[in-house]
Amino acid sequence: MLIKMKNLTDGDISSVVEYVTINGCEAKLFKNEDNAAISVLGRGREQKLNLSELSKLPGVDKIYTKDYFLTSVNYKKTKSVFKVGDVTFGDGSLVVMAGPCAIESYEQTDAIGKALSSMGIKVMRGGAFKPRTSAYSFQGLGVDGLKIGREVADKYGMLFVTELTDSRYLSDFIEYVDIIQVGARNSQNFELLKDLGTCGKPILLKQGMSDNLDTWLSAAEYIYSRGNDRIILCERGISGADNKYYRNVMDINALLAMKQLTHLPLCMDPSHGSGRRDFIEPLSCMGVIANVDALLIEVHNCPECALCDGAQSLHLEEFQHLLNSLSIYQNARQKVRY
Amino acid sequence: MLIKMKNLTDGDISSVVEYVTINGCEAKLFKNEDNAAISVLGRGREQKLNLSELSKLPGVDKIYTKDYFLTSVNYKKTKSVFKVGDVTFGDGSLVVMAGPCAIESYEQTDAIGKALSSMGIKVMRGGAFKPRTSAYSFQGLGVDGLKIGREVADKYGMLFVTELTDSRYLSDFIEYVDIIQVGARNSQNFELLKDLGTCGKPILLKQGMSDNLDTWLSAAEYIYSRGNDRIILCERGISGADNKYYRNVMDINALLAMKQLTHLPLCMDPSHGSGRRDFIEPLSCMGVIANVDALLIEVHNCPECALCDGAQSLHLEEFQHLLNSLSIYQNARQKVRY
Amino acid sequence: MLIKMKNLTDGDISSVVEYVTINGCEAKLFKNEDNAAISVLGRGREQKLNLSELSKLPGVDKIYTKDYFLTSVNYKKTKSVFKVGDVTFGDGSLVVMAGPCAIESYEQTDAIGKALSSMGIKVMRGGAFKPRTSAYSFQGLGVDGLKIGREVADKYGMLFVTELTDSRYLSDFIEYVDIIQVGARNSQNFELLKDLGTCGKPILLKQGMSDNLDTWLSAAEYIYSRGNDRIILCERGISGADNKYYRNVMDINALLAMKQLTHLPLCMDPSHGSGRRDFIEPLSCMGVIANVDALLIEVHNCPECALCDGAQSLHLEEFQHLLNSLSIYQNARQKVRY
Amino acid sequence: MLIKMKNLTDGDISSVVEYVTINGCEAKLFKNEDNAAISVLGRGREQKLNLSELSKLPGVDKIYTKDYFLTSVNYKKTKSVFKVGDVTFGDGSLVVMAGPCAIESYEQTDAIGKALSSMGIKVMRGGAFKPRTSAYSFQGLGVDGLKIGREVADKYGMLFVTELTDSRYLSDFIEYVDIIQVGARNSQNFELLKDLGTCGKPILLKQGMSDNLDTWLSAAEYIYSRGNDRIILCERGISGADNKYYRNVMDINALLAMKQLTHLPLCMDPSHGSGRRDFIEPLSCMGVIANVDALLIEVHNCPECALCDGAQSLHLEEFQHLLNSLSIYQNARQKVRY
């Protein structure tokens, strides 16, 4: 339950918080210059609150028992900007996160990490827990992979982002990982999302394969309403009319629409958004035009021998080319009058 | 990894099992009158097995590092038949599982359970952990709901099926639940599926919203290959061309196709497969024609006051009508020559 | 433009008709015991009518410049029933229309027609103008095919239904054909639909591949509003999550929903609705449960040598089996209390 | 039928042409430096050719009775470049085609045409025959609209592109129109496509709403194989996961893939590809990155009073802004090393 206040009056807020607390629930206050809202958590006890009584408390505007509010521009009109280490998301700069689909070994990760770092990359990606359609496919190195990622990231002064597939590993992620990714297959794994709401780490939340924009923002609201406001929303393609020539359709309109719907930073994943190595550079450059805050790109020192998704991973030299092209289009964007 | 054998020769099987075990992995043998296959589990160690060496062992036919095999008719040509308590799935009979979308209270559950039982229903459904799009919607009573479901099911001599959304609750489910449901949103939650492979309880696995049939069977294979062969596959509708007049499209073709692809029992969920109360009876009767082994139907003593999905829940009297109609069509099916 | 009247008052209707006629448009009156509405046609002149003036004429309720009305149950609460030759559509009986995908020769058509007729079939299908994805595929025999179809249908006392792909052939269709089919690819070919509105022949209108129900009824409204009220709506499957094991998804929910949205007779095409011969019988039997008014089934005396769509055509003996099964389920339906 | 030759040998080609002609069909030769192929047309007579005999003629490589070839890069490895009046398509330049959704009056068209011309636009769009979902919506001015479009285009020295919805108007289009558009709803209207293959006018062929890339190129092959090689393929968006915030998804991957599949020029329609005015500029700029050859943009002097699709039409000043931005990104693209 979320209680939106009519205004920012401290007294009114206090009464609502008190009411909620007295009734055995936890009240979490969200407040900015425009709005105040109180998220009510109670492991079911919030279901028993008397809505009619609650709605009559002074200052109460609207009680949400469906939909989302905190992640929308209706709650916060200015863009959310936050730092993770030295890296800032949401300030208009473009954060390029890159690395292999899967962490396969220390040597592979070190080679890629070294190269990426020398190209100025500040955030390394690399999967340790891989959700794979087949029970018999490589499932990632697990916690060993997390340790390798951490070690390599530290060695080259980078942040480390990787996907979490189950809450049981959360403590390991808190120890080894800087940004926790939620993949498309877990975008509706609400127990996981709830845990991420209190984990203290920034979250990269991908759009689920059959999520519309409201569903996606509702998933983010699970995290945000529990107190974690460092969420990056990552578009990764939808299924389309053709799956012979490309795996997914990059839904560029979703990125353009989300810019207006939410204050959270937006990321584009052109690797999954196409499934084709040769589409990654043009799609990334289009991301510049869509004003995305971040890119998530699969790069491998040997895509042909990758254990996972080699066909959508860039060679290192292709990635360097992409960075150059990005920079050209970023300069161009400066010249466009808005 | 799965190693399919050329034949059923014990000696060959033993050598493969020995090879796998010596190399630090667990070997699980699957064998019927037609086929033998060895599922290899090793928390990553199976990745390091020497495939070239393995494939040269006597009797080794094919090593799966993608796709699925055990859940398909290629592995087992006869239908899987299994009992849960006194209820048999897969023997040609039709098991009707019914109950409220969510367990809301003891009183509500008892009233529904009593009525269902008096109509001859042997399996009661009812959600305790509800995956809801909005963070602010009713999320179910949790473990309290499991206890209520158990108590009512026991009182009326029924089995209890309910949805599990995270492995952390698995021990509670093992204690209170007879059949564990995996919902559409968790059909690609592979960590959960792995745990269900060794939980000892039968599983009701729904098709995910963007799963095709291969993806769905691959999900079942996660469970089956770890040793749990009591899986019921449940079709619950896909998104279609129209979402104004009905929520989902019942993919009846999927049921017809699955009958030929897998030996596992099949279930139809006409409530989610349409989202409309008035479609449930005709869809259920069509399930008879599709020869499904089970139906999963939402019934409520007061759909209008249900906390969840009331619009797709039958009134008790409508459910009685449905049972009568089912029986008429089941009789008719006896007369059809196949 | 469509002008819905508040009631059936003759004087009000006359004034509107007069107003429309004076302003250079043609007025076509639609009236039943519940409603009266005036369809205004003017090749553009209707655009220039003064809506404000029009809406103030006595008895004018609503002026439609979008959406549909005449084909909906809001216009006509009782089912539309009409005869074509001796065959009645919409009276609760089930009309089975069958025949080859394409008319390939007199001999083939005669052999199939003879067999179908001996099984009691009253309407023969068979394509003469085939819309084919590839420019190089067999496009049908054209007018020669129409003549063959007519001759065979007459020989065995059947009606002949076949697809029209362009208005230029309309006069031939009027001469040789009893029911004119509009295929999924032409469901939005509005020039064709307009012509069919005045052609005097009953129409079998398929749902387009990306039509939702409103779009489909709007297409029917093009025909109906020009004066042709003998329209059968035919569901032929939509694209779904799986296209490996079946070509299309039979959208059975669409049929159930349309029963409530429109007064027009409904048809199911299980051949295109699956693309699989072995699905046709169960889908047809489900059509009985959905209360469809007609079935459109591909049958061939040699599916293996068919020039088109052999994989979804029944052998003659399979079709006889289907008819027997249909009859069993039709009897069962009699026993269901509604 | 299409007969692909093994090489360019004149003698072999002549024998095939002779064989085809003797058997009552028309042979149309397609030849470039890489390939020769003979398109066989015969109004059904080509069905009776003896394929076995044909395939044994010297030089015959492959006989197509399905799929497509001429529109693919397998036939022609270099980009197709052609002029329409003074405007060149396919030479690496970007042709911006703009104008109102519908031609509503001379005054409106003249005002828009004048403004566009003053901004350097060389091709004016404007619908005279409007395919509308509802029978009651504005259907365009028809031939009167064609005349207005022609007059305004001539007055300002522009070309005129507009949509044809039925062959019966083809002679009018040949008289008044420079480029004939085939809309998404007619992309599978094969009778129309055949006529366009011999009409002598360049064609703008939109992707159909449920066309995949093979289906789209097959539609183009209908035109090309009859002798019209001036075809521009226009992407206009597909249906996606969200239809609340935007009408269609711009399938940018389709454009990237088509660049590699076909030698024909490619166009993007950002107006229909989103349905939102504020998305048109960013999408158009992304078209620069995708290297499209043309853009098709809806511009209106008063979108708020447009009779059709105002919400996706740019104001004139917005269009000027778009042109400036395009130019900035085109300059940037020059600097990208390929």
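A few points about this structure:
So that you can tell them apart, the chains are marked A, B, C and D in the order they are listed, and the count of residues begins at 1 in each.
As a working rule, a residue touches a chain if its C-beta (ideal position, glycine included) is under 8 Å from a C-beta of that chain, and two chains touch if they have at least 3 such contacts.
Keep in mind the model is a prediction, meaning the values are calculated, not measured.
Shared contact partners of chain A and chain D: not a single chain qualifies. Of all residue numbers that take part in the contact between chain A and chain B, over half occur on both sides, making this a same-residue interface.
Work out the mean CA point of chain A and of chain B, and you get 31 Å between them. In this assembly, the C-alpha centroid of chain A lies 49 Å from the C-alpha centroid of chain C.
Multi-chain contact residues of chain A (touching two or more other chains) are listed as 210, 214.
The set of touching chain pairs reads A-B, A-D, B-C, C-D, using the touch definition from the header. Those residues of chain D lying in contact with chain C across their complex are 1-2, 43-44, 47, 64-68, 129, 131-142, 144, 165-168, 185-186, 188-192, 209-210, 214-215, 218, 221-222, 225, 239.
Within the complex formed with chain A, the chain D residues making contact are 210-214, 238, 240-242, 244-246, 248-254, 256-257, 261, 273-274, 276, 278-279, 282-283, 285-286, 289-290, 321, 324-325, 328-329, 331-332, 335-337.
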